[in-house]
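Okay, got some structures for you below.
Below are two complexes that have subunit A in common, paired first with subunit B and then with subunit C.
And then the complex of A and B:
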């Protein structure tokens, strides 16, 4: 064995011994991870919004969302945050056509661009398909705000002065946020606050449920109605469906 | 003997003495301040009457409560497993943040961000 070969062989040997203790850690992690995933991966949450039932001057869902999730309203549109917001649209070339209200929220894309650009994986897709921000980890770079093609993401330029729901944390200055389908309520088996509010005024325009379950109301609505999603051409595979768009 | 005269005759000795004093100053200062300036010991309020036992033993909690909080946060936020323990459950026994959490944190000049977003009420109304 010459000098060169000896060095090579000892290098390989050394790196082998250095990596070996790491192996059980790596394999150990992946197995516990798999156990955890099963908790959420039964579900695939989605929403159907029936625009024929949505009322023009109603803001029940927006108000309920603000109250449940402590979403900041500063009264200045540079800083206001909306997890759900409504825009009114009508046909471009017919000025007499009726305005149609369209609620917009995070679409919880199957291929979320916001999560792909997040440099610290603060935004990620949970196993039940909800795209959520871990605000502890967010560094406030605002990449996701730019990446989202639906303008569903907002940034906390200021501290929120109000705190209506003390049971739910608010967000500090300097993190991004968007709708999370009221994940904390879903975990308790409840419905998102906007759906609850819409049902309460008997408009029933919002339907939230499990897309994995073929018998759920939402799956039936999707299969029995012509549904559209926003900007399907982008390939983000949104999970919010619109009837009558 | 004038200052000029001292400087002329004992130049090296003066330089050595002055620089030694400068070097020793921080050590002497901190030693003196720890003796002279008395910071009150943190006084931790005992838990509420309904307290039976903490989620971990006291020794662990004293040194590793932050690790426990980080662990349950990761479990819940990222994997959706809400365990038995949460920041809210601390609130049940340690009713006052000011008289419990802040005591040690303040005495070691640690400022945390938890309570900017998570609610921890004060029993006497102030939050």
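And then the complex of A and C:
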């Protein structure tokens, strides 16, 4: 191989390597993402929250979530982390209307803006639709917190002092996190901690299940009730549905 | 045309004092960053609701300032204005430093700085503006280095090609930086006008800074400088950039207030608190209208001290603008329940608060110290500054 040939070959190799990150764009065009996901996972996890059953001063779901997932509570609104939180809402300008409790959690969007903006793909959507953070990869840029239109993502500003569930890791300070539908429990065939806690007190306001299965309870609830999702206008396609909002 | 360049002496007491001061600032910023990396970013003023603050505002401010090289290389490489060649070296060197400052500001803002040098390369996300931009910035730094090398070696053809490349690349850099915010579904961020508005503000702050640096350098080193060059930069160039930036910003805000869906957010931006004072007082009046008038009036517009003063105001105005891009969009809450009111919550709802902490300020000053130090060092060891600059050489 003479020098000219060698230079030519190394030039082609180099430019090929440089273009490699762009390849997924090309391959992504051949089949739709939805098709591919259906093949890879038979589940599409979602949640229905029945606000008519949710109790005003109850925090069972929040407590259970915190305990199961070691979610940090520092006692300061600025840095506390809530994978699930509750707010009370009522129509504006109607002081007589009753306050309605609304649990808020990650909506596990079909088109998650948080995953789209993550520079290291630490936040990604699993094939079963769960949006999850790899906290070993997260660099802590907080772009996902900015991009989430639901204020559902949190950043570990401080080291978490508590570690109640030793079976599950806690996160170091400096990484982002959010609800992952208790993916570790789902993978064992169990329900998410919040749903379990809600059922335990017989409120049954939370229903978690497979949206792909037309006979599942969640699919039945969605087809037989008027349901709403938060900020549907944004096109993020949330998978958390509300009855009675 | 023969332009001579020379290192500056750099043996005076004020020079050494400035070097020491900048080095101390740099060390203080490094220490502050170490503290945050060890104990957590809660030591800054950042919170759940305001996860980006001063460091990100400074990062985009620095990156905007690097447009000075775009201005000079554009005048010289594209429009063939050879009289601006004396400033090409200093512009390219400064652009490189400002891009490094931007990257440093972003770097020191990360929660896990230890991972920044591995993960973004192994798990590059083509859809993330935060992946695309650092590539644009690093590429920009590299092109600036090549540009400098071509200028040092007096390679005419290569200089022309590279100065054109710098221009095109810089437009990409500044558009990309605006897109970090513009492409996010938040009411005060999401706007297709933000990237062009970012480019316009970058050009005006870059040109203003070039004016300040050129004049300061010629005064400090007692090297002759033709006033006509500065007057042309100020009255012909800076004022046009300034008015362009102002125009795009006016349209952006008018659009926001006109549409019912974004009116509340738009009014919050214009009249909703301390940031509105920065907007009207800092950006519109002090940063745009006053300098535009100063440059427009013949008497002040042809006097070097007044032009430098107007340029400083422009830089200050753009600093306010960068803060206004980042913070108001975060303290304004996303409307999760349109038409409803919210209470009984564990998170700060409604308008959030953000105040800069001392350590955060130290971080920002640290970055300024590091690049200031590098700038002075560069003047001392590299032949960056022209020995004289005249329009008729």
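Simple rule for what comes next: the second predicted complex is superposed on the first by the 205 of 245 C-alpha atoms of A that agree within 3 Å, B and C clash if a C-alpha of one lies under 4 Å from a C-alpha of the other, contacts with A are read in each partner's own complex, and residues count from 1 in each chain.
Going forward, a contact is a pair of C-beta atoms (placed from the backbone, for glycine too) under 8 Å apart; a residue touches a chain by one contact, two chains touch by 3 or more.
A quick note: this is a predicted structure, and the numbers were derived from the prediction, not measured.
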*Can A:158 be said to touch subunit B (first), subunit C (second), both, or neither?*
second
*Tell me which partner A:42 touches in the superposition: subunit B (first), subunit C (second), both or neither.*
neither
*For subunit A, which side has the bigger count of touched residues, subunit B or subunit C?*
C
*Tell me which partner A:126 touches in the superposition: subunit B (first), subunit C (second), both or neither.*
first
*Given the touch rule stated above, what does A:167 touch, subunit B (first), subunit C (second), both, or neither?*
first
*In the superposed arrangement, which partner chain does A:190 touch: subunit B (first), subunit C (second), both, or neither?*
neither
*Could you pull out which residues of subunit A sit against subunit B in one structure and against subunit C in the other?*
159, 172
_For the complex, give me every residue of subunit A touching subunit B._
36-37, 39-40, 124, 126-128, 132, 134-136, 159, 163, 166-167, 169-172, 183, 187
*Can you check the complex and tell me which residues of subunit C touch subunit A?*
37, 39-42, 46-49, 51-52, 106, 109-112, 115-116, 119-120, 122-131, 134, 180, 184-186, 189, 330, 333-337, 339-349
*For the subunit A and subunit C complex, residues of the former touching the latter*: 21-22, 24-25, 62, 77-82, 85-92, 99, 101-102, 104, 113, 116-122, 137-143, 145-147, 149-151, 154-159, 172-176, 230-231, 234, 236, 245
*Would you mind writing out the residues of subunit B in touch with subunit A in their complex?*
73, 75, 77-82, 88, 113, 116-119, 121
